[in-house]
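Take a look at the following structure, please.
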């Protein structure tokens, strides 16, 4: 906008066009609905973290007591640490497996393989399923005694690899994360593909005329131009990894079974705020809100850093 | 061009504001009938129904929709003016849905109350209407009423059914292997050994879902700790979880693992039920509510139950009140709701309940045609021991019961020893269980 | 890329085929298992069903008012998607193409919604919906879908708006186009890949959401497909054939819709790229 007004001769007319006050109405509808149905309830609930609760009734203002309890009292302290570690693994594995694979697949499709339409649809179909369905299907596939995976391993003569994937604390979390990768892969492909396809054809052609090939093309042309979509996917994967809840809850319940090996911060939060229906509920609303607040600020700060980086990159381009 | 842009603009904002305004004015017009003011599609139906009182029932029993339709039909024979709708929510989401609505002063007129402390917490918050003087309550045994009696001594629910946990066994496998139903602890172990020697999985049990572990401890524990004697002293605080007998009960749980199916750490409820129903395992330690489910899965299965044989010689099934029906303190139809609750205390209801639900009624003197169920009902009356994990240990955060479950799971995964399990349970109970403080 | 022969890249094909197989297998398994009995699933999970009878489907269809749920789901999803994409396009245009000093702050405000579990605020939200008279109204679901879909939509759309070259916009403004025309006639057509993405993503989450219908809707006539499906789990916990049939029924409309619409989307994707 700024550059434009400087460039054009008839400045007065342009200012009138570009900067009419009505432009300020553009973000209003989204803001109103978002503020009413997301910001307001969340802020209202965040304030709970400063109160003590007796069952459902809010009692007195206790300052930072809930936060102190969360970090210094057992079992909360070690549960928090354990869940946090699991979230970190969630993020790392998703970045490598899901986003890595999605980038590769998007590149292959962009390069126009035969049947690209079919593959795009195939990769994306899992994303259409409800998480409940996903959890149910994979619980069955990973079932130790009659699940497809163990049967397949048996037929391949790899019996020593067979195990109770979701019951063994060593494999449960990784299994869940890989299922999540299966689920989210298609979305990554879409984003990266949209990114590849936004690259001006002229740039690619020009580089080719200069004789760039293979890895050089990737490093010099594709990667730099894909930075916006890579950053979007990184931010999204980060937030989604630290908010990981639905799939763990659907497959391993609100206790992060077995023995908290699949526990995540959001599952821990749910357990605190809503209790566990199979073990008798224990609604610790104050603690749950405190945990959500901590989680919120952690993600907030990290995202800010990411976005700073994003803006910088754009300036360079 | 410019004009059409402006129109689009106007349209957007007009639409948004009408929406908001419509929503708000709806509310100020008739705050009393929130549920009726939204869409106009079924106005016709509603005006017809206005003369009738309409009750809604909330529950976690999604599997019982068809059965409750029969209950409601029976109720309407004597109360044609009260329309009742049974509207259950999936078990795992029920607490969240109900608690949210109750905290906003809404919710169904009648709802299924979780047993003991878990449900009474709602009464403590003032969400439940006391029904101490309800006609017909006096028939129930005091133990059953206690499941929904508040700390203030008021009665908040009508007990519905008794759940009992015990070993089910496959009669055919037992006959084929020449096995008798065990009546002592040693015989029980012997049965397991013989089955194992015959290459049959003795016990259909999995440790992936931790709630199954407290349930199994409820069954197996009394075999070691002399059921009622220990339970009675435990709840008064005379004995606690450091008691050698209790530690032994945990060790015994650990020892039973060799009788579980392969990969038991990865098996959940559906898996073990299927194993037992498909005759791949001889015994199944679970609750009375599984009888109709197992039968549905394999109608040819001939199975019975046996109470847990103990080292001291007595035999027990483990029991508790599984649910009660209560009235929402904010209900607009409390009188009609009371009428329905009174109906739940009648013999007619009790008979229909046993017949249709294949569960044990909390009402006294209701018999069943189903052989297995009627035998179980008799055993519940003579040989029961309280399931103290649900009755006494569901408070605290985390609850003592959930600590037991988690640590037992850890034990089966080799992370903690039985003694450590007992110790962690004790540490938790000392914080939340009144007699231990 | 036109020089590189397709067959010189067998590596590409191995990868896409392998991933496609893994992607599709569980869905295939769900479909296949819906024709099996529990015993068949248990004893021979890999095999084909002994008979392809539609009886399970018929029983389910008669038990669940599937058509009513379907209509509700369509109303909620379509309205939510149209509104969220419309509102967010306007807002993202404002944030990405103008440099008002508060734009970064607004953008960030929009992102906050992603960083916190909305479930936390369910009680205040319920009270708000009650006061607005929206309990048991499909509007409660539509508003929630718009509000919860806004952060991701804003992130994607703002990102892509920023990549659009300024020259196009300048040219249009020279011709006397106002803001709305620049947005509608110049930028949005170029944004088709991104728009396709946000439409799909919002549609899926609106279609599959079960938490809010569970809380805000108690009348059977207003329920959506996921809630109906959820009750199946309780009713058929032992009858896996029926359960799979139910899951297939619940997932099928979304898949058919996607397959029909995907041609449009995919064409949009390529068309947008070639411009």
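Lettered A, B and C in written order, each chain numbered from 1.
Rule of thumb we're sticking to: a residue touches a chain if its C-beta (ideal position, glycine included) is under 8 Å from a C-beta of that chain, and two chains touch if they have at least 3 such contacts.
Labels paired with UniProt names: B = Probable sugar-binding periplasmic protein; C = Carbohydrate ABC transporter permease.
Computed from a predicted structure; not experimentally measured.
When you average the Cα atoms of each chain and compare centres, the chain farthest from chain C turns out to be B.
Of all chain pairs, the one linked by the most C-beta contacts is A-C. Centre to centre, using the average C-alpha position, chain A and chain B are separated by 35 Å. If each chain is reduced to the centroid of its CA atoms, chain A and chain C end up 15 Å from each other. Contacts with at least two other chains are made by residues 22, 29, 274 of chain A.
Counting partner chains per residue, chain C has residues 42-43, 86, 122-123, 177-179, 230, 233 touching two or more of them. In chain B, the positions touching at least two other chains are 9, 12, 91, 93, 96, 103.
Across the complex, chain C meets chain A through its residues 1, 4, 6, 9, 12-13, 15-16, 19-20, 22-27, 29-30, 41-43, 45-46, 86-88, 90-91, 93-95, 97-99, 106, 108-125, 128, 143-144, 146-148, 150-152, 154-156, 159-160, 162-163, 166, 169-170, 173-174, 176-179, 193-194, 196-197, 200-201, 204, 208, 210, 226, 229-230, 233, 243, 247, 250-251, 254-255, 258-259, 262-263, 266, 269-270, 272-274. Note for the complex: chain B touches chain C at residues 1-2, 5, 8-9, 12, 19, 23-24, 26-27, 34-35, 37-39, 41-42, 56, 61-63, 65, 85, 87-91, 93, 96-97, 100-101, 103-104, 106, 108, 270, 273-274, 277-278, 293-294, 296-298. On the side of chain B, the complex with chain A involves touching residues 9, 12-13, 16, 20, 60, 91-96, 99, 102-103, 114, 117-118, 121-122, 124-125, 127, 206-211, 214, 261-268, 271, 275, 390, 394-399, 401-402, 405-406, 409-410, 413, 415.
Across the complex, chain C meets chain B through its residues 38-39, 42-43, 86, 122-123, 126-127, 130-139, 177-181, 214-215, 218-222, 230-231, 233-235, 237-240.
Here chain A touches chain C in the complex through residues 1-4, 7-8, 14, 17-18, 20, 22-24, 26-27, 29-31, 33-34, 36-46, 101, 104-105, 108-109, 111-114, 117-134, 136-138, 140-141, 146-148, 151, 182, 185-187, 190-191, 193-194, 196-198, 201, 228-229, 231-232, 235-236, 239, 243, 245, 266, 269-270, 273-274, 288-289, 292, 295-296, 299-300, 303-304, 307, 314, going by the rule given at the top.
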